[in-house]
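Below: a set of structures, written as structure tokens.
There are two complexes below, and they share chain A, which is joined by chain B in the first and by chain C in the second.
Let's turn to the complex of A and B:
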């Protein structure tokens, strides 16, 4: 029988090896090119939003060029301002990388605000109620507590989605308001500082403060945590089966279903991760910046995180530059308001515009792929 | 709890439900056509701002109401262009417009008045007592002793209902939300219809914002809508995308808010912040209660591809 089989033709093994390598190299190069193309689009979107945001500046009777110059000087002008901006970026990066993972898996989690708020509450409670613990125990404990609280808060929305079919957009959005009111509630109740003019908790014991990195500045160790989170999420997303399942869910429902990806499990885990990171962001903010829980400490952070994730075109590693950009933008805007009286809410204008432009640019690229 | 308190509570529920109802009616139109209306929070804020600033300058409430609708439509136009022309994600686009509206209103509030927030004490839309009817025993003080825009909002439920159920245009709009390809095959233009629906939604939401700034409070403050747009979205789901049921959803949330406002004066051992959470918690609880029974328009959130 074997004799009847035609002898296989000579195969040039080196050629085959070459052929099998070419596609993978092409794919890698395409992914690379796609990454840089997306980054370029994001950069263009940001530039365009600065151009458009010049209109309201003109309407307020100020010179946009002078305003932007004041903004740049305010952001990069001194070591202090850079330290301030890095501190500002830290919670944005932490929460933003979680949002990026969620969006990749098509879970629209916009509950960062509430998750950050409850994370801050939990970390503050631990910091205030564990006297005598050394910093090396207390700080990790408080950070962990914040992360768990944030994850639990996100789990509520995830549970409502999975069990009762309540869309996570509405679930997370409505829980944001509850979370923010919860901060006010504890500050006017059990955790408030007696006799303070502002709703805030007493100052934490010094061993609960996050260590500063640069002596003489306010730069705290939180930025290292943010860096770690970004690298970990990058590795998980691109180099683990779990990350592969998320990518599959994001690209095609049919493919994900065929490969047996559990939507329930993915949704729950990605919400827990994002909630945990947001809770950690809240903990870092109270332990590193304020050394106490104050009302409204999380103002706008959750929506910042969404803007950052979009600007990073949902790529975990790109959340780092996007988050830094918003941190420096906000620092600069505060200086701009002080110096030439252009309101710092310009940040939100630029943020909203940049989001819209990035979305439109990605929409175009989506269509090109289809044709 | 005596008679007068109950009357006051019910009357307040209707008053508080008014801006929600206007926003929710707009949202029903947008979502029936297949576009998620997450941006209504921003359109509402834009309308509240446009109305308040115009009245501050012109002292004319009618012009203010018109300006609020224009502001809402302008923000809605961004959503329309992005979702229809560029096929962006509806949820995230809506969120972006919310952030943009928050930034724009806050910026212009200071920027237009020389860097400082102006003191805004605006003339408000007054209460109109309907002759004869307001003297009815129970219904009179509850239903017929309300501000002008409240009558308008509740009246608008009828034309919106008739439009969606009884007109050709309404049928086409529903077809576009259920199956845009089928609507396209019989000569409708799903893209244009969706864009128009979103802009009509913007006009409604802007008017809802004006009710807040020109009828309820008589002033404008940063982010004053404070999630009311999202509560309106919850009411839409509770009302399963039909105007009359959505109206009941708005009244339910209005009643929760009115109770929350009133309860603070009763000296109960409850903190005011827990009480302030009730509208959001009730909305969440009702959404959970409805569960999967809510059937949304089949093609909502999906881009229409001509192929």
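Let's turn to the complex of A and C:
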């Protein structure tokens, strides 16, 4: 092929004039330039959710401005509250970034809940059954164990999909219940604390506790893992052949096949990664917050992870602010309830509204982009 | 038919000054259109010339910015498609709006108030039989639509419009998926419908059909009417010139070259799908350097399976495929690429391109896992950029830059990205499946020229298309694929077009004939 080929006359001049201007405005690199516009939209949507949520507060005879002030102070008012909120965000971010990768590849993994639960069990078992190991060995081992257990749990669903054609929505959803009940099962059986009034395991030996980052607060090292996970997932997604495969798979099966991508391998790997991250979230939660396995320790984390991934419009790096938003909101909500008497469950309304508004805003922006 | 007859009748439809703008694109610019009773009006234009917008305006699917529509003396404004149907306008879309799991009768009754709250199957069935008889559209009301061939489904759509009282029928590219015999029977039916006092607007870009059936022709370009003429006064080259706005040279520069060594060899390749149906029957084919083998065929006769088997998307159940002596029967896509097999699939939107990705990523779509695009664990973005800059200038892709998303390009430029990737790799064998699908004549010409250039450089090309003209223009050897069989492969100077048409319609009839 050389320049000596017959050169075709261009005929769609008018088209080109129109189209050459559009791309520069819409996107430079697929995501990077568009990122800030989307973030702004997401922020607007979140603000709107607060405005709308003011209505029920007003109806209950409370002043929404005071309530929100209490919420903000509750979330950011002290080092303790910030530490608490960061701890709360950690599992959300870990599980959320895995879900974002899966959804990007059109693998609908909603099994975070079960993967977190199983990860917590595995980490607890290692923490309880390896006495005498120093913390520098025990903690990584327990984290690794949690991650592997979560990955294995996800692999079951992936296997069902690949071997028997059971859709992963079904597989992951149903395995959630099994995972949650498994926590109950082990706490009422082999791992339960004898004589405790509540289904919980004995306290872990102190060398299994995640180190705290700020002396005098509860802030544990998990948030660093979450940060690392977000950065790694971002790099993998945008800058490696594996991420390229996931993006192809997310576009269409036909395009992926045409590009020589093995659907089986990619689906399995992305499920393993997401499961591993969720399992890690479970391990961090038991090793960093409770220092024991307790029933319901993962309450709603897995489903919130899906919400957070969507709030981040499935962009790995945006999972960080989205996860922090959920964590700080829930932390502030407790203060709001304490001080103003607005029930903390109102934050679920705010979370729900924020999700709806963000999805609408991004939906509209996508439609605009296509023209 | 005669010019006087059409002029004297007051028009059934008068569209005046129709304008419609989408963003910066003026899709229709003060378009006037008239159709009279008994007339077949050809609406000719390239893709993007504004034909579809104009018809959508008429059918009430799009509101015009300006302009008036008068139909049978009444003003039509702000109307919905439902209202358009009830005033007597029927539209037959290129993609049929039929429920495959229902019978012909049920499809026709669907959403039609006259079918009754309690469905009046008997009466409607009788109505269908009569209508189909009077227009020569044989059709069994009890047949399942899903089991009907394409041409028959089109008849269902036509009858559906006729029994609902359509006096003006809009046919949007109705011949694009039909075999030559089906096309000629459709044209006969169209003529008969018009002769009974109805009118037809026939949207097409095939000049030959315009001359076969139309009374008058209107040519659109860039949203404006650039020509209007009675068919008796029109010439092929004149219309073609109006359509593209310049002379399209039909001469190909086919360099005389003796085909070289065998490159691609298929021996007894057969394929059975998961339900056990034979999709390909013992295909033998040898393709040599610098040779184009072009296969015609109506869609759905095994073309997809043939290209998939060659490209490595599916594996044959029997037979062997070799390229330059190397057995690639069960090789992966990556192996095939490494052995010089390139592939241009038919579908840009979901297969050969990822619309949301950038041009540079799409150009590296099939090589991202190989050096230089992969460097260790990472993608080498610089290699993507470098390749893209070279290809964009070499293949004249009109874009704001290598990082523009492919979805912002026009169809022609999108296909250039595919061509640049597949031909740019300088393949030994190119499998091209409907490579000009949905392209306007200018872009089509570009694709054809690139394929011819590959041939002059010694590449072997298998070109598969349902556009018979293209197959005849490109092929050094020409054959037909029908029912999964490869038929009548012959050198281009020994080709019998009638025979090809018959083979396309189904080889069994042919074996009965000869």
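Keep this in mind: the second predicted complex is superposed on the first by the 333 of 371 C-alpha atoms of A that agree within 3 Å, B and C clash if a C-alpha of one lies under 4 Å from a C-alpha of the other, contacts with A are read in each partner's own complex, and residues count from 1 in each chain.
The rule is short, and it goes like this: a residue touches a chain if its C-beta (ideal position, glycine included) is under 8 Å from a C-beta of that chain, and two chains touch if they have at least 3 such contacts.
Predicted model only: the values in this text are computed from it and were never measured.
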When both partners are placed on the shared chain, which of chain B and chain C touches more of chain A: B
Figure out whether A:240 sits in contact with chain B (first) or chain C (second), or with both, or with neither. second
Partner chain(s) touched by A:175 [first = chain B, second = chain C, both, neither]: first
Taking the superposition on A as described, I'd like to know which of chain B and chain C A:260 touches: first, second, both or neither. second
After the superposition on A, what does A:66 contact: first (chain B), second (chain C), both or neither? neither
In the superposed arrangement, does A:141 touch chain B (first), chain C (second), both or neither? neither
For chain A, what residues appear in both contact lists, the one with chain B and the one with chain C? 370
Where on chain A does chain C make contact in their complex? 1, 3, 5-12, 14-16, 18-24, 26-30, 239-241, 243-244, 247-248, 251-252, 254-255, 257-260, 370-371
Chain A partner contacts - residues on chain C that touch it in the complex: 22-25, 48, 222, 244-246, 253, 311-313, 332-334, 337, 343, 345, 347, 350-358, 361, 365-366, 368-369, 374, 377-379, 381, 394, 396, 398-401, 403-405, 407-410, 412, 423-424, 426, 440-443, 445-446, 449-450, 453-454, 457
Using the touch definition up top, name the residues of chain A that touch chain B in the complex. 56-57, 59-62, 103, 108, 110, 160, 164-167, 169-171, 173-178, 181-182, 184-185, 188-189, 303, 306-307, 310, 341-343, 345-353, 355-356, 359-360, 362-364, 366-367, 370
Residues of chain B that touch chain A when the two form their complex: 38, 78, 82, 85-89, 91-93, 95-104, 106-108, 110-112, 114-115, 222, 226-227, 230-231, 233-234, 237, 271, 273-274, 276-277, 280-281, 283-284, 287-289, 291-292, 294, 305
